[in-house]
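Shared between the two complexes below is subunit A, which pairs with subunit B and subunit C, respectively.
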Partner chain A sequence: MVGLSEGEKHFIRGGIAQDIRTDGRKRLQFRALSVETGVIPQANGSARVRLGGTEVIASVKAELGKPSILHPDKGKVNIFVDCSPTAEPTFEGRGSEELSAELSVALQRCLLGGKSGAGAAIDLSSLIVVDGKVCWDLYIDGLVISSDGNLLDALAAAIKVALSDTGIPKVTVSVSTASDEPEVDVSDEEFLQFDTSSVPVIITLTKVGRQYIVDATSEEESQMSSAVSVSVNRHGHVCGLTKRGGAGLDPTVIFDMISVAKHVSQQFITLLDSEIAAAQAEE
Partner chain B sequence: MSDQQGEDQTLERPNRLRYGRFFLLLRCPRDGVVAMRDLQLSLNQTQRVRLEAALHELQALAPAAASAAAVTVADTIPVNQEDNILKGHGTLDRDGEVVATLCGVVERVNKLVYVRTLRARYKPEVGDIIVGRVIEIAPKRWRLEINFGQDAVLMLSSMNLPDGIQRRRTAVDELNMRTIFEENDVVCAEVRGFQHDGSLHLQARSQKYGKLERGQLLTVPPYLVKRRKQHFHHLEQYDVDLILGCNGFIWVGEHVVVSDSEKTSKMEDQKPRIELETFTPLETRKHICRLANAIRVLSALGFTLTVELIIETAEASASSNIEINDMLGAEFYVQTAEREAKRRADLLKKGGAR
Partner chain C sequence: MHLLGRAPVIRRGGRWHTQFPAMSSSAATGTYSPAAEAGGKRREKREELRRHLAEDADWPRADNRSFHECREAFLRTGATTAASGSAYAEFGKTKVIVSVFGPRESKKAMMYSDVGRLNCNVSYTTFATPVRGQVIILELIIVLASITKGDLPIIISCASLALADAGIMMYDLVTSVSVNIIIDPTSDEEAWQDGSLMVSYMPSRKEITQLTLTGEWTDGKITNAVELCMDACSKLCDILRNHLKETANLASE
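And now, the complex of A and B:
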């Protein structure tokens, strides 16, 4: 919880109106981004992303499972987000449940595509091992370690980095005639990388007063009237859209926000790509 | 406890510098302070080398006595056994040796030996000027969060009312307390004293104390703010008020005219209402943000915050055409560390020449 006096609130609003925020940023500037990969050894892929005071970890765990009867040619992806009580005292106990659920749903919408799995960020048919019998289940877990606003963007970035870090073990399938079940041998050495170029990033535009800003701190978020999160992929296509906050928005404003988000996202993806490359070179 | 690793870590594993935690131990020459900070910067190769060089220079500049007084957990504190010393806070007797249980500086007062921790909460002293935030309004008093172990109390009777007249506080005044300070307001006051039960009382008996508006509050570790004659600074060249609270709360805001006379204080009452629609002038705001970022950089590097150093850092950034936001980037951190190392070296040379 941020408690701000009237004077400070006024100062923040004024800063956003005058295009110079409390830390000197312009309205469409991000805070310093830093990326680390391979932070969880047990996971198939993991990443830590820091965006100013916000810090999140994402991990990808792959397990062999059975594809659903409806889509025997596709694997499954699950996304969960948890908020650590170290981030904020109000997250203790069940305090973070609502926020966690909100973030999970927003990420699922942006990354998982439709019920059939079409349009998902990851090609689900690449997760299949044996049609109708064996497939990979991906468990994507996000953890908010410290919270200073703009959690959704940071989580989406962390998931993108974690997926690009993920190696799925190579499997060899031997079909024995004796039993119906195919035998799967999981390799310890060979890994397959994902194609993450189509994984979108999320850009949240927070409306404060008449203007909107990217990468709001928690102080700035306390002053928002509404926020629109647009997930955009590398080609500049919108993959998902969520809106928070009670205040209504004029449709023209939303269109305006989408085009701004599209523009900002291209810079952000380029930045993220170079950070991923640097982080992987570091390992 | 990752915070308690020493400087050896940085030397042995320079790769940790790029991301992740970066441990550094600074020993300042004047006050013998050991500062352990974890900076999180993405440095490139040259920046890393430069920062290491600057930090080594800073360490080399520190007098031996100051370095010897710095302890981390499980360090042995050298004592003369015949003195039959008193073991104070942060010390432990282990196999006849006095061992530190905290990170900080060893202080000796007569027979007493204790460890003064650096990254602890604020320890108030009578007369300190502090900045706090109102968290509760109780009968006849406000409760303030000041980064102390418990909340500080500001009694209605220990502050001047806005009308400026000295008089008894009536029940009406008590009902109108919210017109003076509301919840979440940032307030500047002075430490009046401790009550018998250990609670802290504040007072605000002058027009210079009171509500702070139109600016931003920064929080730094309290040990970075040293007690000085002046804690209120009106930086005329910027039209900015800078208040360095002893509790590590620092206010950077637009300058407000302070006067004790009744007439002007009434005028001031009306001014905010008219100005509510207009924002801080852009130039002033730029200065506020620049100073605030200078404080952020200095406190992350663990340098003692003085008004001179803050202005110097802000000026340096302005004169080398660094954008306000870029002050929080790695390059400016390195530059600031280098400048501080040079400044202390010069200071030491002058001191030696005298």
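And now, the complex of A and C:
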């Protein structure tokens, strides 16, 4: 937890009101972003994202599984987040459970879309191998290594980068007439890339006083009354939304926050895309 | 029941078409549906959505409701005796019991806090879900749900009723309604949705306390859906408030 004196709190709030924050940023300015891909060789795709003092890793693993009965033409995606005790001593043991669960739920809500799959980050029907029999299960794991606020945006960005780094092995299916079960041969040389252009980014607007800011540090987050996280895709469509914090919000404020988030997201997507391209060129 | 004295009762004159004057002594039933006029200045946009909905929505819903009709609400306070306050709510086939215990001293293991804490705990009965014994833990005060889903908003509304029954001071009754393209979905409808949106709202303060959204939405749709939910919330809140008043009157007599 952040321990702040009255003076410091006043300084943070005053700065935000005057559009110059304690680290010199404007209200709608992000901290420096750095991106690295392929950090976990065992995974199908992985990425490390640093956003100021916040550092997260996301990894994507693909396993062959069976599609659910309700959606036989779709694969499955699971998202889990874990907070490492290196980020904060209180995360030791079960201390991070609540935060991890909150982050996982928010990411699932923002990235998996509606139950029919509309607005999802990943087209689930592209994960199917044999209809109703074999599909890819994607396990997306997020790990918070260092925490300085705005974890959700950093995790979503890391997942987007990790997905663009992901290669799904090519499979050849041979149906033998003897048994019903198709035989699946997984290639370890040929990989298929994901189309990640529709993966949304999450922009969290943190409300401090009457203003709201993007990419809040943990000190700024300690002064928030509430925060709204909006996930927006490249077309400027809202794909998910969650609100945190106890204070209620006026409906007009929420609508205003959504439109600001949409505006900011387009800049962030462009920035992230160029970082992804640079990271992949380095490899 | 401090709450009743504090919070002004807002009635939107004549707009709310419920059938609930025939309430029994301690229970209220009523359907409530958001009015077309909600959010007056955006009426035209709303009409557009309605037309759009009408075009899409030419099939009957599984439970014979029209597309803007909420399920019948049955409410009762004082459902359990051991708790300091409790409420029972039945929205169609979804049944929820909420009990409030306390206030009591917080556990030593918890971190010090200068504000109060509301511990919430939700459990599903083993026979509540289609697959027996499938237990899902959410958040909220000792809740016992049964039979169908589509339930988080109902749990929230029921919990605020129980809190009021326990005589806990609140800013306002929080009510909650979810919508996908149709309002107040049942679990079958939920399984095929393109997206959903849930609003928790305090009508007297005109404040949204929770807003969640999944699926792909355009700006106009979000605005419309949120206004639709807010209107339904206000009406549900009126029903809750009336029920509380009635019980309080009954008790004082």
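Quick note on the criterion: the second predicted complex is superposed on the first by the 281 of 283 C-alpha atoms of A that agree within 3 Å, B and C clash if a C-alpha of one lies under 4 Å from a C-alpha of the other, contacts with A are read in each partner's own complex, and residues count from 1 in each chain.
The criterion applied here is as follows: contacts are C-beta pairs under 8 Å (C-beta built on N, C-alpha and C of every residue); 3 or more make two chains touch, one makes a residue touch a chain.
If you're wondering where the values come from, they're calculated on a predicted model, not measured in any experiment.
Novice: Just checking: does A:Q29 make contact with subunit B only, subunit C only, both, or neither of them? Give me first, second, both or neither.
Specialist: In the superposed model, A:Q29 contacts subunit B only, not subunit C.
Novice: After superposition on the shared chain, which partner residues are touched by A:K243: those of subunit B (first), subunit C (second), both, or neither?
Specialist: In the superposition, A:K243 contacts subunit C only.
Novice: Once the structures are superposed on A, label A:A281 by its partner contacts, choosing first (subunit B), second (subunit C), both or neither.
Specialist: In the superposed model, A:A281 contacts neither subunit B nor subunit C.
Novice: Could you say whether A:F11 touches subunit B, subunit C, both of them, or neither, answering first, second, both or neither?
Specialist: A:F11 contacts subunit B only, not subunit C.
Novice: Classify the contacts of A:I69 with the two partner chains as first (subunit B alone), second (subunit C alone), both, or neither.
Specialist: neither
Novice: For A:R50 in the superposed arrangement: first (subunit B), second (subunit C), both or neither?
Specialist: first
Novice: In the superposed arrangement, does A:G3 touch subunit B (first), subunit C (second), both or neither?
Specialist: After superposing on A, A:G3 lies in contact with subunit B but is clear of subunit C.
Novice: Is there a shared patch on subunit A that both subunit B and subunit C touch, and which residues make it up?
Specialist: After superposing on chain A, no subunit A residue contacts both subunit B and subunit C.
Novice: List the residues on subunit C that touch subunit A in their complex, please.
Specialist: 111, 171, 180, 190-196, 202, 205-219, 222-223, 226-227, 230
Novice: Taking the complex as given, what residues does subunit A use to touch subunit B?
Specialist: Listed in rising order, the residues of subunit A that touch subunit B are 3-8, 10-11, 13-15, 17-18, 20-26, 29, 32, 34-36, 50, 278-279, 282.
Novice: Residues of subunit B touching subunit A in their complex?
Specialist: Per the stated touch rule, the residues are 15, 18-20, 40, 42, 133, 135, 182-186, 211-217, 253, 276, 279-280, 282, 285-286, 289-290, 292-293, 296, 323-325, 327-329.
Novice: Name, in rising order, each residue of subunit A that touches subunit C in their complex.
Specialist: The contact residues of subunit A facing subunit C are 1, 70, 109-110, 112-116, 118-119, 228, 233, 237-243, 247-251, 254-255, 258-259, 262.
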